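In the two complexes below, chain A is the common chain; its partner is chain B in one and chain C in the other.
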Partner chain A sequence: MTVFKLYFATLLTLSWRNLWRNHRRTLIMLGAISIGVWAMIFMTALMRGMVDDMLDQGIRNLPGQIQIQHPEFLDDPSVVNNIPEPQGELLAALNQPGLKRWATRIKVPAVIASERESRGVTLLGVEPDAEPDITGIPARVIEGRFLQSNQDDGIVIDAKLAERLETRLGKRVVLMSQDPENNISERGFRIVGIYRTRLPGVEQFDVYAAKDTLQELLRIEGRVSQIVLVDDDYREIENLYQRIRQAAPAGSEVKAWYEIDTYLASMINMMDGFVLVWVIIIFLALSFGLANTLVMSVFERVREIGLIQALGMRPGLIVSQILLESLLLLLIGLVIGNLLAYITVKPLESGLDISVVAEGMAMMGASSMLYPNLTLHDMVLANTVVIILGVLTSILPAWRAARLDPVRALNTI
Partner chain B sequence: MSAIHCHQLCKTFRQGDEVITGLDQVDIDIDAGEFVCLSGPSGSGKTTLLNAIGGLDTPDSGEIRMGDMRIDQLDRGALADMRLRHIGFVFQAYNLIPVLSAQENVEFVMQVQGVPAVERARKARAILEEVGLDGMEDRRPAQLSGGQQQRVAVARAIVSQPDLVLADEPTANLDSVSSEHLMGLFSELNRHHRITFVIATHDKRVMSYARRLIKMRDGKIISDAPQ
Partner chain C sequence: MINVTLRMAWRNLWRHGRRTWLTIGAMIFSNTLLVFSMSLQFGSYDMMIDNTLQAFSGHIQLQHPRYLDDPKMRYALPGAVATAQRLRDEIGLSSISARAAGFALVSSNDRSYGLQIIGVDADHEPLVSTLPGLVRQGRYLAPAASAEIVIGSVLARNLKVDIGDELTFLGSGYDDSFAAGLVRIVGIFESGFPELDRYMAQINLGYFQDIFAMQGHGHAIVIRARHIEDVDRLNQRISNLESVGDDVAIRDWDALQPGLKQAIQADMTSAWFMYLVLIVLVAFSVLNTQLMSVLERTREFGTMMALGLKPSRLSRLVLLETGLMAGVGLIMGIVAGALITWYFSEAGFSYPGMEEMAVKFNLPDRMYPAISAISLTLGPGVVALGSLLAAIYPATRLYLLLPIEAMRAA
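Our next item is the complex of A and B:
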């Protein structure tokens, strides 16, 4: 161990001083590594933020990170596939501290008719006070108000739907659906609020009514279509998911968001793969500069390498010395690159306005505000890739240095 | 250990289509504590013989022994260890490591040998004082004159008390005063520390210090006599 320390001290001194014998070249290479690492982390944070936003939106549209519903409901979302409102063990599990929000909902197909037009819609019976956390729709009401209580008599519709129905705020419309006995249930509602959807294709045909009002209309008092749960982080719901599964009554089914929408789940894996490819592509560009720097550095001191061979330094130590030199260069570049990334991403985490491309972003399911997300995982990945591939890139020049013929090397001018 | 035994050493080099003879059936025995000069014109094989003895170059045929060790059969790692433990080199062109100070250059071999920091610093300062470089420990090679650099190289070669010092034209780049000083130092080390010296030179003043003179020409030993 002591001998190793002595060797390491020798190699470290030589490597550090060799690194700075050509300041300009070292600084240029450091600049390239720093900017490369910054670009890896910064762009990854932007992409991660965009995907997080798309996932968040996707989960809000489901809605909820965990859903409890009738086993047939996802395939056939009709009024007959309902479950009782939570009680007993399930209610106790839902009310345990730690869960951010849960709510019951009714979701049935319906027809909405104005004085001039009619359209097929999805009629949602919601608990208004829970809705900001579940879908966020109340924040997007642009005219009028959102529902105020579970007994509210009004409805809230999308602005585009209002336009198609040729109706407006304050007007009355008729909603028709079926009760569990297949009888037509219909009723007039006043439009009390109009919201603007973020995802036109998905949310445009959602019509919001109060839960109790719909239970009465559909004659399903005490029963709901779904119980939806929202926690702080959609990535960390496994414990909650298992707890709710154990507490859910027979005749109901508990599903996590990644089981309900496998496309959303695959986006996370796709993103991880994409980040790795992105990091490797940037590194490949960097590696040419790094290899060139080391080759030049070895080429410039062939005579010196011959000398240390003549003095008795083993080939393995010469390889270690060149690799250590490369490692020092990489580590300094990484520190600067990470700091640059941190100080440029952190101020943007409160949101980056990209409304100029909002339409394109909306088509991808993301919003016009981008919230870059700097994660430790991505930083560790970028740093690990740079260190591992950087050292691998340095092996060839190091090996060539160790294989130099000492006599020829000492006679090099 | 320091007894050198060379038997039927042959070495050739290719230069284009031409084959040049470096060593031609060289037989030589050098005892511990000898002070030997190899002389001869350029291309006579002096440096080739030094490189072969020092394990920097391998002969095409023949055998070299240092004590019981067959140098010509060692691999690169073992040769490096052999040089580290038993041989000190002094080259014509000083060959110091430019990024290290005079003291660090002297300490380098001891550092690779695994000598603790305090001990090697003490030894390095003492040897630098002995070669007349007291107060110049922190200077880098570029801040030293040619003679001072060569003295640092000598200090580095002898600081760990090797069995054998191989010096190739050590005075070629030095003025006469520095040359005298250096050879005086070599003689003193040879006498006091019983270090074996093998010096390749064609400088008559250097030869005058030797107790045995080996003359070479065209890769062969043409005379070998004490003086």
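Our next item is the complex of A and C:
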């Protein structure tokens, strides 16, 4: 054991000193590794941030991480496809501790008409208390107030929609929809609040009203379109999902966000794939330089290696020494690269304004602020790939060095 | 003279074959990747633009100046049909069509939905939009026939209607009068765009003008250019026409679909960041190689200078060596990149998650990279340039060389 320690200490010293015999080459290679590692982590953090934002927005738009609804509702969002408000087993499952928030919602197509204009909209009957956790719309009210109770008889509409309708806060508008018997149900509502989404300028067609008020208008007392559930982490909802599935009554269907919006679900996998491909591509671009550096450094030392071989150093130790050299180089590069990434990403975490391309980001489902997300998982992945593949790349030059014939090597000029 | 330097540079390169190949290898790797991913990128942009614009909005639209920001019925274009005909004659392009748009509550026996009704010129609409060709059931509108309607597939499902069923629609007309009509469904289209399939219905423009009391007005004249590159030129020609007055705004696709260009820009920016990192890494590789090769030749260069060679000649030699390496990397990279790209442009390219993405961005579920002069040469060109820039530092070191000391160097 002590012998091994001694060997190791000597090898380490040898490798370290060898590394700095040609400091220019080492520094250039360190520069390349650092930039490569920085780029791996920096880019990943940006993309990760964008995808997280897309998922967060996407789930808020659905809304909810889990939805319970009539099996036909997603395809045909009509008032006919309703379900009873939760009771019995389902209610008990929903009220179990651990679930962050659940709420019932009504969602029907409707027509909104001001004195001058009319528009097709989606009329939502919500429980105002739960909205901050479910869609976050109450925080986006810029004028007036959000709905205050399930019986509130006002409505909250989007700023751009208000502009199109040539109406404003405090005015009355007429909402028209159908009850399950196909009778037109209509009534006047006062606009009590105006909201603006994270994507200003794009008209939103969601009109918020209180749940009980809509049940009365649509003559569906005791029935709703959806029950939506929100938990703390959208990635970890499997247990909840299974539990709710068990408890849901016949005639309703439980779906998780990744089943409702497959684009969102595919984003997570695609992102993981992207990170791996990106890290490997950068590594490959680096590997040529790394191999080059080692090949050169062995080439310059042919005589020397011959000599220490003649003096009795075994090939295994020569391989170890050169691998150690490459490992040291990689480790220093990784430390610098990680630090660089950390200090460049941290200041950006308060948000990077990319509103120049806001509408383009909207097309992808992301908002105009980018919040980079430096995750431990991605950093570990990048570092592991670089170390493992880096050592693999170094094996060939190291092995060639160990296979030198001492006599010939000593006679090389 | 040049020949001697060239031969010397070439031979110098192969004094360390392995090192040269590793450096060239880095170039080939990057160049291949750049060629392929740029072809893929440009190919998908073209497809995204074409698919999105051809479906409905067209490349250019003439509108009332306020209509784009505020698409209200009263911001109409007088004599739209006549203007469209004049444009067709004056420009010599037939893919120009007039439209009008209005909001109406559309009802079947069971259901009602509020939606956008478009009045189209059934003769020319198929030339500007792919929608008429996407009618999956029944047929498109017959020219000038009234009381016919085509609707999207999702809308048909939601209204619970089929070909031959009747729909009533209610809305308000241009003069705020009451507009109502009874129409028969003659076709159901399936575009793959959720917004169109869910919220769009088309009727004949003449019928629309009657029902909505448009007094011959329309809301847009839609122009589809032969190629996206023609748009600027077309735009220029239209604005020079006398028949197009100042009271008409010319909107190109960028204004009509601002999200599209920005999505491309955002994607380009991130792509360029990635390309740049690759290029910088190659440059580092070249810098390392050339600096080493200059340093190990200190004695040799000292001797050459003592023999009367000027430092400028030596640094040209080093740059020439780099240029040769870059040239080999460039050619082999382009060839490899072109081969891979060509393979995928035949076989198609797809990756996991692409199908969902394709639906979102109106792309087919396999991508076919487009080889173009730009995608072939841009990346490798910049890599070669970056390599030459990286060789400047080693090359300038030669000016600091003192022959006597250099010859004594170890």
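Basically, the second predicted complex is superposed on the first by the 364 of 413 C-alpha atoms of A that agree within 3 Å, B and C clash if a C-alpha of one lies under 4 Å from a C-alpha of the other, contacts with A are read in each partner's own complex, and residues count from 1 in each chain.
Throughout what follows, a contact is a pair of C-beta atoms (placed from the backbone, for glycine too) under 8 Å apart; a residue touches a chain by one contact, two chains touch by 3 or more.
Nothing here was measured: the structure is a model prediction, and the numbers come from that model.
Once the two complexes are overlaid on the shared chain, A:G289 sits against chain C while remaining clear of chain B.
In the superposed model, A:I244 lies in contact with neither chain B nor chain C. In the superposition on chain A, A:V121 makes contact with chain C only, not with chain B.
In the superposed three-chain model, the partner touching more residues of chain A is C, compared with the other of chain B and chain C.
By the touch criterion defined above, A:A310 lies against chain B but remains apart from chain C after alignment on the C-alpha atoms of chain A.
In the superposed model, A:V224 lies in contact with neither chain B nor chain C.
By the touch criterion defined above, A:S266 reaches chain C but does not reach chain B.
Put simply, chain A uses no single residue to touch chain B in one complex and chain C in the other.
In the complex of the two chains, the chain B residues touching chain A come out as 51, 54, 56-57, 76-77, 80-85, 87, 89, 91, 95, 97-100, 104, 108-109, 111-117, 156.
Within the complex formed with chain A, the residues of chain C that make contact are 16, 18-19, 22-23, 25-26, 29-30, 33, 70, 72, 103, 105, 110-116, 157-158, 171-172, 199, 258-267, 269-270, 273-274, 277-278, 280-282, 284-285, 287-289, 291-292, 295-296, 351-357, 359-361. Residue ranges on chain A touching chain B, taken from their complex, read 2-3, 6-7, 9-10, 13-14, 17-18, 21, 303-304, 307-317, 406-407, 410.
Interface residues of chain A, counted against chain C in their complex, comprise 22, 24-25, 28-29, 31-32, 35-36, 39, 43, 46-47, 75-78, 109-111, 117-121, 163-164, 176, 178, 182, 184, 262-263, 265-267, 269-270, 273, 278, 281-282, 284-286, 288-289, 291-293, 295-296, 299-300, 354, 356-365.
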